Amino acid sequence: MNKNKIKEILDSVSNGSLSADDALLRLKANAYEDLGYAKIDHQRGIRQGASEVIYGEGKTAEQIAEIAKAMLDSGESSLLITRLSSDSADFVASKIELHYFDEAQIGIAGENIKKSTLGNIVVATGGTSDIPVAEEAALTAEFYGNRVTRLYDVGVSGIHRLLDNSSLLLEAKVVVAVAGMEGALPSVIGGLVDCPVIAVPTSVGYGASFNGIAALLSMLNSCASGVTVVNIDNGFGAGYTASMINKI
Amino acid sequence: MNKNKIKEILDSVSNGSLSADDALLRLKANAYEDLGYAKIDHQRGIRQGASEVIYGEGKTAEQIAEIAKAMLDSGESSLLITRLSSDSADFVASKIELHYFDEAQIGIAGENIKKSTLGNIVVATGGTSDIPVAEEAALTAEFYGNRVTRLYDVGVSGIHRLLDNSSLLLEAKVVVAVAGMEGALPSVIGGLVDCPVIAVPTSVGYGASFNGIAALLSMLNSCASGVTVVNIDNGFGAGYTASMINKI
Amino acid sequence: MNKNKIKEILDSVSNGSLSADDALLRLKANAYEDLGYAKIDHQRGIRQGASEVIYGEGKTAEQIAEIAKAMLDSGESSLLITRLSSDSADFVASKIELHYFDEAQIGIAGENIKKSTLGNIVVATGGTSDIPVAEEAALTAEFYGNRVTRLYDVGVSGIHRLLDNSSLLLEAKVVVAVAGMEGALPSVIGGLVDCPVIAVPTSVGYGASFNGIAALLSMLNSCASGVTVVNIDNGFGAGYTASMINKI
Amino acid sequence: MNKNKIKEILDSVSNGSLSADDALLRLKANAYEDLGYAKIDHQRGIRQGASEVIYGEGKTAEQIAEIAKAMLDSGESSLLITRLSSDSADFVASKIELHYFDEAQIGIAGENIKKSTLGNIVVATGGTSDIPVAEEAALTAEFYGNRVTRLYDVGVSGIHRLLDNSSLLLEAKVVVAVAGMEGALPSVIGGLVDCPVIAVPTSVGYGASFNGIAALLSMLNSCASGVTVVNIDNGFGAGYTASMINKI
Amino acid sequence: MNKNKIKEILDSVSNGSLSADDALLRLKANAYEDLGYAKIDHQRGIRQGASEVIYGEGKTAEQIAEIAKAMLDSGESSLLITRLSSDSADFVASKIELHYFDEAQIGIAGENIKKSTLGNIVVATGGTSDIPVAEEAALTAEFYGNRVTRLYDVGVSGIHRLLDNSSLLLEAKVVVAVAGMEGALPSVIGGLVDCPVIAVPTSVGYGASFNGIAALLSMLNSCASGVTVVNIDNGFGAGYTASMINKI
Amino acid sequence: MNKNKIKEILDSVSNGSLSADDALLRLKANAYEDLGYAKIDHQRGIRQGASEVIYGEGKTAEQIAEIAKAMLDSGESSLLITRLSSDSADFVASKIELHYFDEAQIGIAGENIKKSTLGNIVVATGGTSDIPVAEEAALTAEFYGNRVTRLYDVGVSGIHRLLDNSSLLLEAKVVVAVAGMEGALPSVIGGLVDCPVIAVPTSVGYGASFNGIAALLSMLNSCASGVTVVNIDNGFGAGYTASMINKI
Amino acid sequence: MNKNKIKEILDSVSNGSLSADDALLRLKANAYEDLGYAKIDHQRGIRQGASEVIYGEGKTAEQIAEIAKAMLDSGESSLLITRLSSDSADFVASKIELHYFDEAQIGIAGENIKKSTLGNIVVATGGTSDIPVAEEAALTAEFYGNRVTRLYDVGVSGIHRLLDNSSLLLEAKVVVAVAGMEGALPSVIGGLVDCPVIAVPTSVGYGASFNGIAALLSMLNSCASGVTVVNIDNGFGAGYTASMINKI
Amino acid sequence: MNKNKIKEILDSVSNGSLSADDALLRLKANAYEDLGYAKIDHQRGIRQGASEVIYGEGKTAEQIAEIAKAMLDSGESSLLITRLSSDSADFVASKIELHYFDEAQIGIAGENIKKSTLGNIVVATGGTSDIPVAEEAALTAEFYGNRVTRLYDVGVSGIHRLLDNSSLLLEAKVVVAVAGMEGALPSVIGGLVDCPVIAVPTSVGYGASFNGIAALLSMLNSCASGVTVVNIDNGFGAGYTASMINKI
């Protein structure tokens, strides 16, 4: 149930075609749907201005397909499925319309992403290996209707690759900076731009990278202002928040 | 050197009263000022839309006063000093005009904070002990010209105190959620609002709170979307980023 | 040897049909049974009011079957096997009567669980992925003769799903709260109810969840009173303790 | 506002001497009291069957005294203040009636603890240095009206000291086991008794005890069933939960 | 080259049948043998009273066989290979005489272990899953000519299983105590006996056992005197040191 | 009560001058003495061949003095007090005869240490700063009647200082190797000698020494056989175990 | 583009055969090549005196082959590919000329390594299992034109193996010391030589080696001067830096 | 005893004025001097080309003065004392000639540092608070006769401050890069220069900087080649190694 639908109900109340009590019942009845193993939150669209997202990890392909179907049936035109393995994607695609992005492990159920010209979110990576996480962020932002510019492999050990693209960065309304290993990219970008930078540590690296801890700590201690951090490999969270900020 | 000053120079170029070369020299000469132990960045106001901030920890009172003086002399009307102990504040106040906020350990050199009606940033805390960090965030946001609403001691173990104030939260353009111990506040708030939530873990707690690690991890793993995280006790970073977002 | 059997022996002593020395011998002889690789504790039923449980992890299917058989042969009518893989379950089922619960990886050897109306234990989870651990807790509690109410997928980022079920929670004599990621569920529940809450962190999550450490720390630092914690993914321990409390 | 007071209001409604609306107002007005830096929860007595406790750490003596006074004024006859330094205690005692327990750093404001014969909670420690934490647990349980038996310095390296007192343990309805260093006490006790054991790791030790982490991990991994754990040095939490269990 | 061989050379010098210079050359030539990827230490038998051991992990089956052959060829009658997978064992057995112990992953090349009556080493475990590590310790001690008594599955949560075998423990000259999970066994044994206890933490457990860290820390913090600790799962090190002590 | 005294009682039984029941009573009555905050173990001398030691940390000077007095009164001629601050030592010395060793923070109550010629324990340190911990080990071993050779400041970065003293090492029956920082000393010594090496990590160092964790891990991973490890800074434990081994 | 090619362009400018503007364009055009997923840095040879290296981990065989081809096409005669699995090597070898070193997982594309007599870099290991990392270092150094001496299996627990080769060490201009487990090798070598020692911790070991953390910490805390450290298993970094130092 | 003195002795042997045996004795006699608590290594100058350094931490002022005096007396003209508190410096200065550098906590005993023109070592810092560690590095390098250029407060969040000084960096033979917080400076510098970069993490920062761990990990994971790392705050180690490299 999205904001428009709820407005419709409320309008019906205000113009008298629906009693307050009936409206309440209709809203309450749709608050969430209980599948036993999951309680689908149909009013999140109202509360948060965005439809529920399915986090695929730890769910069976059957559960994902069933939840997705329930959501589409309740009126969502499109929904995002993250951490969707290609095997699960095959199964889900056999049940509902699904657009699958292999590198990012993302599925879009229902209508596909549409091009948008809303603002500008730059998604940058330190290296090639960080791209899957970056794509999770970029596709999430695009799913929510934002324009995204990708700027990949501009790590700080070859600083001119970053500086040569500084005009791209300066046009951004928000930057998502994705990096593993020493995780210095958000600090350097944070010093160049005057918009918020969302830092995404990745588990790329070995040894004392400790699966992303080094990058995470580096980003939390960034000496640049305006940098905030999400969980290791959390491309979705960065893309989602970037969208929120871009839409303000 | 703020954006207006730099515009002045550029206008002089465009109207012919200043040659391009002379303009360049003037800009370059002001790029930063070298005090030996510090290189003051006079063009950050241009690049980032905000004047340099002095991070007081690890600097002597003398260094802080000297840097602050150099900045004010270069044309800043006001500047923010964080992590300023009351002892250092006394010394600095003997050299320049200073407004000191004891609980937040913040000093404002030059002109004091002015009330603003720009947007609305809500700063919330889980408990009473989190207030010093929250005040660092709130004062920083106010210093940069934002309207701030304080909502203190609304931790999740007494959830009705938070829910009773949900209207305040729903009006926010960005929320700063400050909590120590189990750090659950940003997750609950993140599920209630549709704006970005900046989570600030505090070192409040004992034993397995590990000086804020428990809260930090909790926040990084928030199941709510739209939550990003800053360093433990980093009220300044949260207030600064909140201001950036609020001004978009 | 359960409490009734030991009572029988003691009654025989008190009514003179068995000498004290013979009784002692009988008891001592049954104190534990030595299989070489395992010393089966036949008097735990007496000491702790509950029969020995077999922890399946790290034991071969053959060892599990042999231990289970020895226990059933010594007079247990039913016993619980935790962390039993489906492969091992197949083998064990070929040797003795076994009821297997796949999601929870639990096997009941001998008589199956019977419905009970004793008290009320609520087992709640933050998300869908936490259910296997929750089922381990719920089945354990049911095995020991308790009534269990399941309340799944009520995580704190959609707080109304929890609040809508607060009447269920208020009727509980003890709550088992199972959550991964940020682990905030026990804190919120702990603030709503006036009975003990046993918090179970799960290894659900990624990145800085560190396989459940984030949730574990969050729960240990809960700002709600009445919350105690068990090991990560230790559904059995939570269900067992909940049963102990429910029976007081 | 305790359960009796709220019942009074509800009785007045049921016998017609108070309108439902007036009752609601009276209840709502008393939901919590806002001191700015703290929101005092006056209905926790109703929700949780126990009055609010003041956690003294991180609060000034002035704040503690003011909160305590507000609580006593709202009708509490007595309240518990934990982590109260002796300096703060002196200040608080100058404002309100206070009974101070130095070793446990606990203050009782208002009426002092009364002897109780309700059930039996055993509080045991591994060593002499664990006693302050044990006293925090014991006094908390006594404050809430429980009978407490102290069993100190019975660590596992001299196991006969514990076994000689096993009759004391077997009479307990719940045991609080407090230990630092290797933290083995709860595991051994857990194997002897058939009631819940609440394990409290203490920060006693040095080197690889890591301020209680060793004991904490040991307790979380207890091979005995029925053991749950609270935060390092959290005597209050253990005593509070023990009281909850004892009263079931 | 063992102690006897070196004595032979030295005797030849003392009785004049070998010049000092020639003796030196012969000794030096045999100091170690360089296989390129390994430098086999042929005089360790002299320095340390025990022949070189092959640590199988991280070596190919071919390397192990080649090193073992070189050692046997240089005069060792028997040698110990630890961490030998059954696959590698098959290969090695096709090249040289090998006695393989599957559970302990140990191979004895050349002559097999002979029964000994030297002293008494007790190897005890907390549970069934700790047995592979315990067998590594027991077989190592037996390889070096010690009498070993096995006492398995006597964990502290069923303390009577341990106490019933206290006479066995009191006869020991040294005890090897092997335990995972909470690792309390060495502390309890250490309080019962008056001989050295070598504690071996195992990686048995889950969640907050952190692959043996919990047991390791528990053992390092043992409140019993006379307890020393080896690396997690280091059965060999414990058995080797126990042998050293037993032979003093 | 030491081994001789207990033998006396048993002899009296065997020669008929004391009934078995009276003997039992006498023994039982002396099992331990309960001071409330401490249970003094008077039979440890029997069980472990060594008198109880007082661990001074976390005990008040009053408690230490009272426990020491009780022990001396019960027949101990001498006892060891570790981690005794010089302030506490002053107080204790005012109550009982005390010999205080400032660098090691050790006090000997009653009769002082006597020279012994029993075996040979070498105590070695990597550097000058490790000496306090080494002295705790050395004095403990001397207290229990062992001959101790000190070999200080022979760290591995100047290997010839160690090799020049290898004859000292080769004469040892057991070596205590004390080192902070990289903690390599026990590994090098372990490769030179054929007796047990007890490794003591110290908290000497800075930065990534993490108060002794680096040295501790280094020692646990020693590639030399025959090395076992005690807690960081646990000189007492090393000295005590060395004494046990030396006396076998 | 290597230093010679850039010199050629600059010479053309200086002798007038190329205008400055054209030279700039040619240089700029070759600054880096954008493959979308990678930005190949063609001027690193100029800036850093060494051609770009391909880090194979986290890249597909296709990406590696494509990047390598682009580099060779741009004029590199030879390039280094690290962390190249044998499967990927097979694929790459089907596209371009490749020399593959299995143990080190290194591929040389284009011209193979040539023998050099430049200086002397000694690469030493503690054990046999450390050799793969050591080979990564040795081959990297040889690729960049250095003479390398290998000294394997000279761990500190058999110190004479190291001392017997001290003449080799004393001739080195820089030493790369590779060790897992307790990581003491660099400290001992550092005390013997008067040239820089680059320490490489390896993930060799088990239990408390924590995949190389023990060795890493040991090396960071080395009591020998002149020791610097690279990441766990980072043979490439050590070999590359050794080459830099050797060429000074 | 420095290299020249030892050469003198050897020349005397070669020209016959000293017998080989006498020379050996003279050398051996001077190998090290035993003060009991310290073994002073007089031949380190020969082995390592640099005189012994006194690490002041953990030594009393008396010990430092005595060691220094012994060294000067044995022929050293000058020696370096690190981690020397100003209190200890006062004491030492009362015994021997001492030049004290307060910010770096360094003392030079004997002859003071002389200006040198040997090579060029650049010491750079991220911020003002890193200067004490940087000065320890710079003074150490100067003590050993190197030319040092200081480049302070050029952290990556204001990247132009660094780039504006790139010519300074490009002239360096070795760079010491000192940074706390996110520790990104060495990575950026490493990408700009073609000489070795020694990275020094500092304990500057708060919260998740964990006293320098964040910077340390960041540096160990640097994506730039040629970067090696020393311990947190180890300015001495960096300066010493830089000197070694500069002199090659």
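Note that the chains take the letters A, B, C, D, E, F, G and H in the order they are written out, and that residue 1 is the start of every chain.
Basically, a residue touches a chain if its C-beta (ideal position, glycine included) is under 8 Å from a C-beta of that chain, and two chains touch if they have at least 3 such contacts.
Keep in mind that this is a model prediction, so the values were computed, not measured.
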Other chains in touch with both subunit D and subunit F: E
Copies subunit E and subunit G touch via same or different residues, half shared test: different
Where subunit F and subunit H are represented by their mean Cα positions, the distance between them in whole Å: 39
Centroid distance [mean C-alpha coordinates] between subunit D and subunit A, Å: 43
Subunit A and subunit E: spacing of chain centres that average the CA atoms, whole Å: 54
Between subunit F and subunit A, distance of the C-alpha-averaged centres to the nearest whole Å: 60
Sites on subunit F at which at least two other chains make contact: 127, 158, 191-192, 207-209, 213, 216, 220-221, 225, 231-232
Pairs of chains in contact (touch as defined earlier), listed by label: A-B, A-C, A-G, A-H, B-C, B-D, B-H, C-D, C-E, D-E, D-F, E-F, E-G, F-G, F-H, G-H
Touching residues on subunit A, where the partner in the complex is subunit B: 47-50, 53, 173-174, 191-196, 198, 216, 220-221, 225-232, 236-238, 240-241, 244-246, 248
Subunit G to subunit F touching residues, read off their complex: 126-127, 155-159, 163, 181-184, 187-188, 190-192, 205, 207-210, 213-215, 217-225
Of subunit F, residues touching subunit H in the complex: 127-129, 131, 152-154, 158, 160-161, 164, 204, 206-209
Residue numbers on subunit B that touch subunit H, as the complex places them: 31-32, 36-39, 41, 43-44, 57-59, 63, 201, 203, 211-213, 216, 231-234
